[in-house]
Amino acid sequence: MIPLEQYGEFETAWCPGCGNHAILKAVKKALSTLDLPPHKVLFASGIGQAAKAPHYLRCNAFNGLHGRSLPPAQGAALANTELTVFAESGDGCSYGEGGNHFLAALRRNVTMTYLVHDNQIYGLTKGQASPTTAQGQKTKFQPDGAPSMPFNPLAVAVSMNAPFVARAFAGEIDHLADIIAQAARHPGFALVDILQPCVSFNKVNTYAWYRERCYKLGADHNPTDWEAAMRKAQEFGDRIPIGVIYKGDRAPFETRINPAVLRPLATSRPDLARLGGLLQGYA
Amino acid sequence: MIPLEQYGEFETAWCPGCGNHAILKAVKKALSTLDLPPHKVLFASGIGQAAKAPHYLRCNAFNGLHGRSLPPAQGAALANTELTVFAESGDGCSYGEGGNHFLAALRRNVTMTYLVHDNQIYGLTKGQASPTTAQGQKTKFQPDGAPSMPFNPLAVAVSMNAPFVARAFAGEIDHLADIIAQAARHPGFALVDILQPCVSFNKVNTYAWYRERCYKLGADHNPTDWEAAMRKAQEFGDRIPIGVIYKGDRAPFETRINPAVLRPLATSRPDLARLGGLLQGYA
Amino acid sequence: MSDTCVSIVIGGEAGQGLVTVGDFLAKALVRAGYEIVVTQDYMSRIRGGHNTYAIRVSHEAIHGPRESIDLLVALNAETVALHRAQLTSRALVLADEAIDRLGHPGLSIPFKALCPKPMFENVAALGVLTQLLCLERSWLEALIRDEFAKKGDEVVRQNLDVFSSAQDWAAGQKAVFSCMAPPVRTAKRLFMNGNEAIAFGALAAGANFCSYYPMTPATSVAATFVSQGTKMGMLIEQAEDEIAAINMALGASYAGARVVVPTSGGGFALMVEGVSLAGMTETPVVVVLAQRPGPATGLPTRTEQGDLNMVLYAGHGDFPRAVFTPGTPEQCFELTYRAMDQAEKWQSPVFVLTDQFLADSYRAVVPFDLEALPPVSGPGLTCEDPAGYKRYALTPSGVSPRLVPGFGEHLVVVDSDEHTEDGHITEDLTVRVQMVDKRMRKFDGLAADVVPPTYSGDEAPSTLLVCWGSAMGAALEAAQGLRAGGKSAAVLHFGQVYPLIPKQFLPILERAGRVVMVEGNQSCQLARLIRQECGYHFKEAVTRYDGLPITARYILDRL
Amino acid sequence: MSDTCVSIVIGGEAGQGLVTVGDFLAKALVRAGYEIVVTQDYMSRIRGGHNTYAIRVSHEAIHGPRESIDLLVALNAETVALHRAQLTSRALVLADEAIDRLGHPGLSIPFKALCPKPMFENVAALGVLTQLLCLERSWLEALIRDEFAKKGDEVVRQNLDVFSSAQDWAAGQKAVFSCMAPPVRTAKRLFMNGNEAIAFGALAAGANFCSYYPMTPATSVAATFVSQGTKMGMLIEQAEDEIAAINMALGASYAGARVVVPTSGGGFALMVEGVSLAGMTETPVVVVLAQRPGPATGLPTRTEQGDLNMVLYAGHGDFPRAVFTPGTPEQCFELTYRAMDQAEKWQSPVFVLTDQFLADSYRAVVPFDLEALPPVSGPGLTCEDPAGYKRYALTPSGVSPRLVPGFGEHLVVVDSDEHTEDGHITEDLTVRVQMVDKRMRKFDGLAADVVPPTYSGDEAPSTLLVCWGSAMGAALEAAQGLRAGGKSAAVLHFGQVYPLIPKQFLPILERAGRVVMVEGNQSCQLARLIRQECGYHFKEAVTRYDGLPITARYILDRL
């Protein structure tokens, strides 16, 4: 196990009391458990409060555009399958601006782990409704209440047979760290939706609100049972299950493409003799 | 019932034998059944073979960008709730480029009908895999087979409790016309995924292939039973159910926003006296 | 630069309430009849960091921000350290007694003693400031009453008590500050920033649909629509992304809504295809782009004028457009109003290009004369011959009669492909050329309608400062500074940068001695555009791209 | 314009196999040693409509397309009607006997009699063409063998039979066509179009990752990668949309892949934010943009040069870039190769801007000298002091040593926000200025590397035609035409339009008599850019925007 200090200690730009601090701790714990040296890890992120997370970790980082954490994460994961790749961003970034990439990543199933800090609000832009904000919840920008139904990332992921679908809570650091580690070990695309209190803009979904409702999935839940998983994925109200919701064995993308193209691309050089041969085909 | 001729008769740019011809017929039939005069109907579409459909219909049309049939459809539907709004496009346009709008439209639930010509291929650009192409199906661009799992629009729509979710087949024109009419009558966002043979580029999912598999959902299927709907939404293989998969009663978007803003916006003029009053608040 | 003004800066961490102190004081000053220029400098975070709210105030007209500080309200110790270099000789530092003023003259305020609870500290600071500025206490008292009314009488009373005891405490202190001269004007003005003025300009022109995706520094346009526009019947929807925002707006516009889409550079980058669609379908849309420093995410909460090029050329293919670049909140109102009209009149995308500085800069705004507003163009609802209606009928001006669907038997067909006069997809290449020519003819109309740049200062000046958008105030004051130093000077400000009509400004450029372009970007984007359009080559430029607004001092130091 | 060449046009509906006839004939001609220029004109549909495949062929060097037709192969009656006006005095029309030749000389081919099945009609047409052109029959026979080999010997034999009986039939007809002169050259050439040459240029430079979203006319770049690149180990992924395509490529590039992203204008419009991200993170990426007429969806399958402005200014904020605009398949190869190097060397987005005409235009291409290719820049894998590695170290050139993550203990941190030397988000405004300056310093490097425009023709000509990209061939032939008419003429072709280095071309422009810009867009985008960069004002232009390629005739008619 690599000592936690290896992953650094940084001053953050997050509010005191924000759930992000706990998630950062859990991420470090998971990395340490996974015994991953910082230079073998890549965190890709988008833009938002959550998306700053990779700056507070000693690791390789690609902090890209709002909504676009997944495409560069997948690009890098394919360019070098020896990197352990995470994408990390907020609910707005991941399910709002980035919704199409989420759907495609579920279909594509490249081996990587997606950590979504789900505070059910747009934090960095000061409190607009996000895709996961409860319908009817009032914000400064939605004074009559958010008009749309919230997005259910777990149900969508399960409906698309994503190989690893989990929910966790920032208030349960060890449990969260364990889930992140499981996710990272699972072949294919692993989703961890992390309930994260935003103390500044979401006065509904507080630590207390989540604590009252979250319960850990126990041995009675069989994550390989798709129907059970779908039921658990739909549970979000008085009781919210946390833990591994669904686990399948879809073959990851890497196993479905021409093996000849899967090698660290940084070290490959063009074989000009071969190219000359191909050009002959045009003569 | 408005006579079918009212909806025009145009030369199309589609291949002979293409499923689109049948869909166009069914659309006209549905409009006629619904007794909708052409000028009260708007068809918004994206870009692709399917997306040309509104040009072959006497109606109002907004033929926009690839992947973007839904946002203008919703914008127009909100700007004038007296229009009956359809969006019509291909599977690539709707679930590929336009995936994020699909998710958002399911959440937003504006009253309108979405007709997706699902030929499981990119037709207009000559045969690339689309989001609904079967995994492993070979194309010129995917000679090793499409590497990703196909998108299941019905499962995603059901998982998000879309109020009206249906599947139809271009080979069953009357059935299709009936479903389109039902969809248009249902309050909220109605999805009709239409299986459509592409005779030029999809040599797998032919008329015969679909005919062998498609069966009509009967009285034994209760579309208001969510679990049953989810099971039917997952069925796509040796047997493919067609008909109304799911029907719910989520309140449409229009009922959730300030009623004062819902009127034909084209006829509204700014009340400058009122504006002057609001400006006083800044003094 | 006149000495009649005072620069007040409130500094501290995000979340300490410095914006509340600033807003209260600035609004009270406006009510009292003073001129103000507010500069808000904040970091991309919600709590912590270091932010400032600067109010420059005078009884005379002032135009731009300034670096120097006469009164520094330090909500934390860092503020004193960070800003001591900016303090003028007469400056006072106001801070809690626990904060080290690092030897600077000022007041150590016993906030604990003055306030029953920490939440009253803002009001206590306002009491001290009122006293030092010799501001009539009634202005702030009235404001406290207005703003806290909804929290109940008890809260109002407690705040008033703290306010007056803080003022009394300050009156008893030795440190004094020269009283401000009493204001000249008495007519009511509005306390309003650029984004709010844009929102009102749009609403006055009938804007009734706004689809947006939040992005700093444009969010307060949408926020103003939410709080004020809804009362005018505006339909507002937060879209799933910027692509949806502009396409939704185009659909609504097609159906007859008057649409505005506020965003910033990164969001606008995603709307480029939609802009091209607006150009092709000739659908009116006004995009408000509040600039921040790029590329990419850049400095999300700071200011820059670096997105002009992108706005000028957004969209593939050739089609006409107009770009407005207001310099003040008044211009934000007027030019957004005009943008709404131009978009509709020429059935084209039209842009209002502003920036974080102006977006957030409160001023004392002369109330808009709503009655004097010119009429706004609009689409038709019906026509005489519905069966013969053609959305893209070829006309000499390039403008085809635009009807909205659903109000008559006519059909409105619009198409992103090249199309025939009736809107249907075509590959007839003769029609293609007719349609390109038709669309481009609208450029002449847009050109004929251009708002000329404003000129102010000496005729044939030895120094001419050329600028656009929010750089106006700094340029005007730099010119004043030059004149104060005995040199002739003038300012040429572009409130519309596209189309450019050389005869409106080329003679002015040619008769000036030294001509200096002043813009908030590295590559002199307007200077390049002017050269492209009329060959005039700027030999000198003052550029700024550190995220802060251009000031008169900044310009003068570089001349 | 030389008379030594023959213009062959095959016309018919999509799906009738006209591309097969064209490809076979054109390839055989190239193998035989002729020069060709292929122009493909097709509609945005899969079956039906009217398409043509035009082959201009000569034993001498030829450069551009031509309108006139010497041999018209009409696969349907419509083709005769549509193209009769283009027929030269010696022209023959070749069509099935059931098709009315409208009185034009030619051959009525008994396809039914010649072919056992309709699928052999293409080969029969080739037999007739071979005979009329006096082409050695072995060229087509060999090609038939090569191409049908995978379908089995029987198919090959049947095709050869039909081919030879058709040729024999033609030999027996009265209508004769003057034999083509035998070709001069004997060295092997490649039968290749612009898009294929681009793909090979990229592969030669080591491109090993391509993420794309299909869009005409760029798809055949990706198609060539799929069929050829995979054999070179290229990883290709069809992304969910263009935003994903460019962001995926940036992630791969960051991780050490050599990336290319092919698209067209509408797709590129969606990549604008990603381009800005490449600029900010200094991540190498080559975008290939094959233009088609806009705005919006426009004419999806036709040609235009209307996206130069968008490419020049795509992305918010200021950052450097380079734009290559090849004029021939050879240049497509060379300049794409160079683009891959420049992107890596200057860690910037670099563009290859082409169009449908060139993308689809087959030529006889001199085989690339792979051994003579200069080395391509690349990132490092490891460094001496991993702990001290800084991705954005400030350097005089602006270029920081770029390492790839994972091959050593160094950490590679890149950020879309403004950042410190080690890549972490910052709001330090001094660092901001340093970073803008650093990024913009790379512009000097890009400028020093610019490929100068090529000049050909008379020194100090009375007419100078200036052009970029695919307009080159037409301009060269128009200049030939002028010279044939006794006037001195020359062509200045820009294979790289950005940066522009005035001293490379300003003296040339100034010493010419009449200077005419020739470009395929309405607004003279390159002319404007040149004026912007160096003040030179083009007083004359030939523009084309009807979706067809510029030809010598088109230019000469407008001079």
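A, B, C and D are the chain letters, set down in written order, and residue numbers restart from 1 in every chain.
Keep in mind that, in the parts below, a contact is a pair of C-beta atoms (placed from the backbone, for glycine too) under 8 Å apart; a residue touches a chain by one contact, two chains touch by 3 or more.
Here the structure is a predicted model, which is why all the values come from computation and not from measurement.
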{"item": "Interface copy of A-C among B-D, A-D or B-C, judged by whether over half of the contact pairs recur", "value": "B-D"}
{"item": "Comparison of B-D and B-C (more C-beta pairs in contact)", "value": "B-C"}
{"item": "For subunit A paired with subunit D, centre-to-centre distance based on mean C-alpha positions, whole Å", "value": "41"}
{"item": "Chain centre separation in whole Å, for subunit D relative to subunit B (CA means)", "value": "37"}
{"item": "Centre-to-centre distance between subunit D and subunit C (centres being mean Cα positions), rounded to whole Å", "value": "44"}
{"item": "Overlap residues in subunit D, where contacts from two or more other chains coincide", "value": "43-44, 49, 230, 237, 240-241, 243, 266, 273, 277, 281, 296-297, 300, 415-417"}
{"item": "Where subunit B touches two or more other chains, by residue", "value": "47, 65, 97, 99-100, 103-104, 131, 147, 257-258"}
{"item": "Subunit C to subunit D touching residues, read off their complex", "value": "43-44, 49, 243, 265-266, 268-270, 272-273, 276-277, 279-281, 291, 293-300, 302, 304, 306-307, 309-310, 312-319, 415-418, 427, 429-430, 432-433, 436-437, 440, 521-523, 528-529, 531-532, 535, 537, 545-548"}
{"item": "List of subunit C residues in touch with subunit B within their complex", "value": "31, 188-192, 196, 200, 203-209, 211, 228, 230-237, 239-241, 243-258, 273-274, 277, 281, 365, 367-368, 370-371, 373, 379, 381, 386, 404-417, 423-425"}
{"item": "Complex contacts: residues of subunit A adjacent to subunit C", "value": "13-16, 47, 49, 65-67, 96-97, 99, 122-126, 128-129, 131, 140-143, 147, 200-201"}
{"item": "Contacting residues of subunit B [partner subunit C, same complex]", "value": "37-40, 42, 44, 47, 52, 54-55, 58-65, 68, 70-80, 82-83, 100-101, 103-104, 257-258, 260-272, 274-276, 278-279, 281-283"}
{"item": "Interfacial residue positions of subunit C with respect to subunit A in the complex", "value": "15, 43-49, 213-216, 219, 222-223, 226-227, 230, 237-238, 240-241, 266, 296-297, 300"}
